[in-house]
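One chain, chain A, links the two complexes that follow: it is found with chain B in the first and with chain C in the second.
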Partner chain A sequence: MAVNKAQSGRTLAEVHQPELERALAGQGLWIDLGAATVRVQSDSVDFAAQLQSVYDQFPFEKQGIWADMHVRIRRPRGVRRWVRPQVRFQCDGQRPFEPFPADSPLPLFEWGCNWLIGRRLNDLLLLHAGAVEKSGLALLLPALPGSGKSTLTAALSQRGWRLLSDEFGAFDPESGAFRALLKPIALKNQSIDVMRRFAPEAVFGPEFPKTRKGTVAHLAPPREAVVRRYECARPGAVILPKWVANSPTRFEALAENVVFAALAFNAFNYSLLGAVGFQAVLRLVRQCPAWQLVYSDLDEALATIESVWSEVTERNGAPVQ
Partner chain B sequence: MARYARVAGTLVEPVGDVWAAFSPTTGETVLLNHETASILEVLGAGADSTAEICAVLAADCGLDANSLAEVVETCWPRLLEAGLVRERLSGHAYV
Partner chain C sequence: MSNSIGLLPPSNLAWLQALRQPELALSWPLAEWERVVRLARRLRLLARLAEGLTAANLMDRIPPRARRHLIAEQRLSRWRMAAVVWTLERVATMLEDAAYPCVLLKGAAYIGQGLPMAAGRLPSDLDILVPREHVSNAQARLVKGGWKTVELDEHDSRYYYEWSHEVPPMTHPLLALELDLHHNILPPIARTHVDADILLKCLRPSKWAPWQVLDPADQVLHSAAHLFQDSEARDRIRDLADLDGLLRHFGVAPGFMSRLPERAQALGLETPLALACHFCVNWFGTPIPANVLKTVESIGPGRLQRAWLLPLLSSALMPTEPDDDPPLRQELAAFALLVRYHRQRMPLRLLVPHLWHKLRAVEIAGKTDAAKIADG
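After this line comes the complex of A and B, so read on.
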């Protein structure tokens, strides 16, 4: 990806909201996620405020030379502007989704961008997994919805692990490394309060009740993760998290075939990549030790991961930090 | 007698206790047990009928070839559906 020019040097947090609104209403805002760039335009005042709350550490870029996705978050014209107002997601002239309520443009933007990334970034193998980095090695957290993946990814990102992505384990088959696709972490329902208690200093966006997934709130990526979003990470380990209420922490090694299935059959574009995807998953399975982590207590879960990480770094010849 | 060929470009690799096989025809990956993966391996080495494959497998593992025939026969429909093998037409050359 080309590096966008015309950086103002300011972050979104340092920009007054009216200036951000003008940028969004004009040529748009370029949001560089690491492995991809989104250009977004919008006439929604709510969107400007919500975007600013969770992309606060991202550079304020009003002009770029390349964007992988050109997105518009628009208020419809006509009666819908006044009666039960809505916002629409548009990309390349298409409207692939139903509109959202006008006060919820951020969940629509996040959902739509994830959808686009999953369909367009086919130079990368996009595993459905949380991804964090430590000591130059990536820890992958693949899981089905409701497994506690986002909560665990969020917790790690607040305890010294660099967030790469909450949604995409973006593996570059050519370089053999993971790249960042850095976006806010979408927390749902009770996970929101769990993380508020776990990391009171963390930055949250507004809560959106009554979405298709219940109440959703977004956790802003930490500043270090944003600054280091071009840094790749070598494959380190795979942990399949599973949150079970009141369960003691259990940590068990996984067989290669289980890991293969968890990565390949849960990826966004595995089939599309054909033999390249097959070889990439095989490489990860062979390279990464893997465990299942059943947990109910976040602190215990993190301590368990930390305790095994020295083994992972030694195995990979990376320094233990 | 039906004859079969392994589809060119098929990839088969061990993963844990099973085998992962990628079909360039379907673009899909399936997990195979040892018996089915063995058939693919023997197919790739030149045997192309149930009888020939059973003979090779029997020689490799010390079993009676006749006892393997039923196992091999039940594997063909799955391998064909998965795009890992194709049926050879008699009298036609194949690549």
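After this line comes the complex of A and C, so read on.
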């Protein structure tokens, strides 16, 4: 790799914004998410600032040898540069979706990258779940709409659990382990304030009001998660979170068939993987104890999860350090 | 058009040779792999490359960074191919006792014959053909089997039933593919009018009992007509690769090549055949005997038409490099070809109102899409 040591050592936070802007306007920035690398080019100054705010701990790499996704976030020429300005998402010469307002390039980038990951990385089984790791084992939080998956994933990531992804449980059927697809956590509406109160020291990007899902803000992955993003995690446990206002914390074991459905039928590419997908989910269901967690209090929810984790690690043999 | 056989293809298309000779890919440095993965995916050829490498037992020797994308796309392709087979089996039972031929077209036909070039396709729809007088019967059987016709406004429904060679695309709540029911391979009002009876007289059996396929020469001509007379030419290298594959596969049968110009004349498809041969020979090195090429050229477009049409097609078909924006030349060529396409498809008195209607539909759809996707 043609990167000199001094450069490869710097994080995005340590780079002056104009330098980042120049890199984005030139060959681009290579962002290694763990299980995939995205190269992004952009002529948007807003994008440089927004990217820097939530990818702050990622290395500043302006010359990579490989990228799995090549993305351009660019302002269109012509009328749309000046009248109700927009930014476009482009990949390999194609524009798979409609532009966003010019002041929201980060949500466009995040949304677009997730779309590319979900469609392209079919070498992995992509479960729709938050994923965190502790003592070498992965905890999966499968998403059901309104489940509070992102909130709980975010909370765990701020309390000693290593974030793998808030969106993708990326399981490698060959190695039998989960891989990180580390990106900022997208928080919506009231969960933004919940997390600000829960982790005042955490790093947030700008708030984007008036998206279709309401207000969105991104939470930067902690330093440790970035440094360790190449480390895999063996399957540990599955917890289906369900946020219910004012509910006492309830924690109940789940039957295998329920867990199978929760994992397989929410996945991005379960049926596409055919027999490989079926075998992989079956393996996860057999290997992972699973619970449903109904909660309204985050601290209590976290304490509950911590309390079962020794059982999970024992079940899987000695903790891996 | 092309008198010289065995010309080297343009250097930026050299990678296409690996579709036929997968071992060539072993010499690619990582940067070339990155380029090919990006280009081939966009051109819908990545899974085809993967299937070639798999068949040659070379997958393990591909750099892992590239291999994962080959495997990923191969899975996508195999899933879609399985959906085609599954859907065709269901549709076959709906048409089981029909007293007329049911014909697979294009990709479905290649899969239905087990052609080697069918491996690695990414089918998203299914094209079948029945004789025109039986279309309503076939459609009624399909509807009974759960297929639904999309709701059309008055203009679109008139377009399909009076001016088109197919009925509106059908969907099924349990089957993943769209079904296109044809009664011809080109619209009946097009300048090139194809007599479907000629096609129907020369059908062949497929691997799957009830389904038949077109005569091999007609399959080539249909593919050529589809590419050169029936739609937009940009990023359509895949269709040329299909033509190359068909010509190589059927070309080994004695008499096949010399039959091509004969069938083209019978069907009025001389121009698409001449264009197909030109680009296959020059870009893919397809082995077509010199005497056949000469005949094809003599019945194809005249010198004047070649002088403007070949450069336009060449610009439009040549894929843009993944990091580049399409050159203005290509945009203009694509536009000129679009005008040609519409002129050939419909007389002007129908075309102008049709395009006006399309333009309005695109605007409305664009607004709905924007509303749908405008979130983080």
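Quick note on the criterion: the second predicted complex is superposed on the first by the 312 of 321 C-alpha atoms of A that agree within 3 Å, B and C clash if a C-alpha of one lies under 4 Å from a C-alpha of the other, contacts with A are read in each partner's own complex, and residues count from 1 in each chain.
We take it that a residue touches a chain if its C-beta (ideal position, glycine included) is under 8 Å from a C-beta of that chain, and two chains touch if they have at least 3 such contacts.
Please read these numbers as outputs of a predicted model, since none were measured by experiment.
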item: Side-by-side fit of chain B and chain C on chain A, or clash; value: fit
item: Touched partner set for A:77, first chain B, second chain C, both or neither; value: neither
item: Touched partner set for A:197, first chain B, second chain C, both or neither; value: neither
item: Residue contacts on chain A - larger count, chain B or chain C; value: C
item: Chain B versus chain C as contact partner of A:97, first or second or both or neither; value: second
item: Geometry of the superposed three-chain model: angle at chain A (Cα centres of chain B and chain C, steps of 10 degrees); value: 60
item: Touched partner set for A:271, first chain B, second chain C, both or neither; value: both
item: Contacts of A:120 with chain B and chain C, given as first, second, both or neither; value: second
item: Touched partner set for A:260, first chain B, second chain C, both or neither; value: first
item: Which superposed partner A:68 touches (first chain B, second chain C, both, neither); value: second
item: First, second, both or neither for A:282, with chain B first and chain C second; value: first
item: Shortest CA-CA distance between chain B and chain C [superposed frame, angstrom]; value: 6
item: Chain B and chain C contact sites that coincide on chain A, given as residue numbers; value: 271-272, 274
item: Interface residues, chain A side, partner chain C - complex; value: 65-68, 70, 92-94, 97-98, 100, 104, 107, 110-111, 120-123, 186, 188, 208, 211-213, 216, 271-274, 276
item: Touching residues on chain C, where the partner in the complex is chain A; value: 30-31, 34, 38-39, 41-42, 65, 68-69, 71-73, 75-76, 78-79, 82, 320, 322-326, 366, 369-370, 372-376
item: Touch list for chain B against partner chain A, complex; value: 9, 11, 13, 15-18, 20, 22, 24, 27-29, 31
item: Chain B contact footprint on chain A (complex, rising order); value: 255-261, 264-265, 270-272, 274-275, 278-279, 282, 285
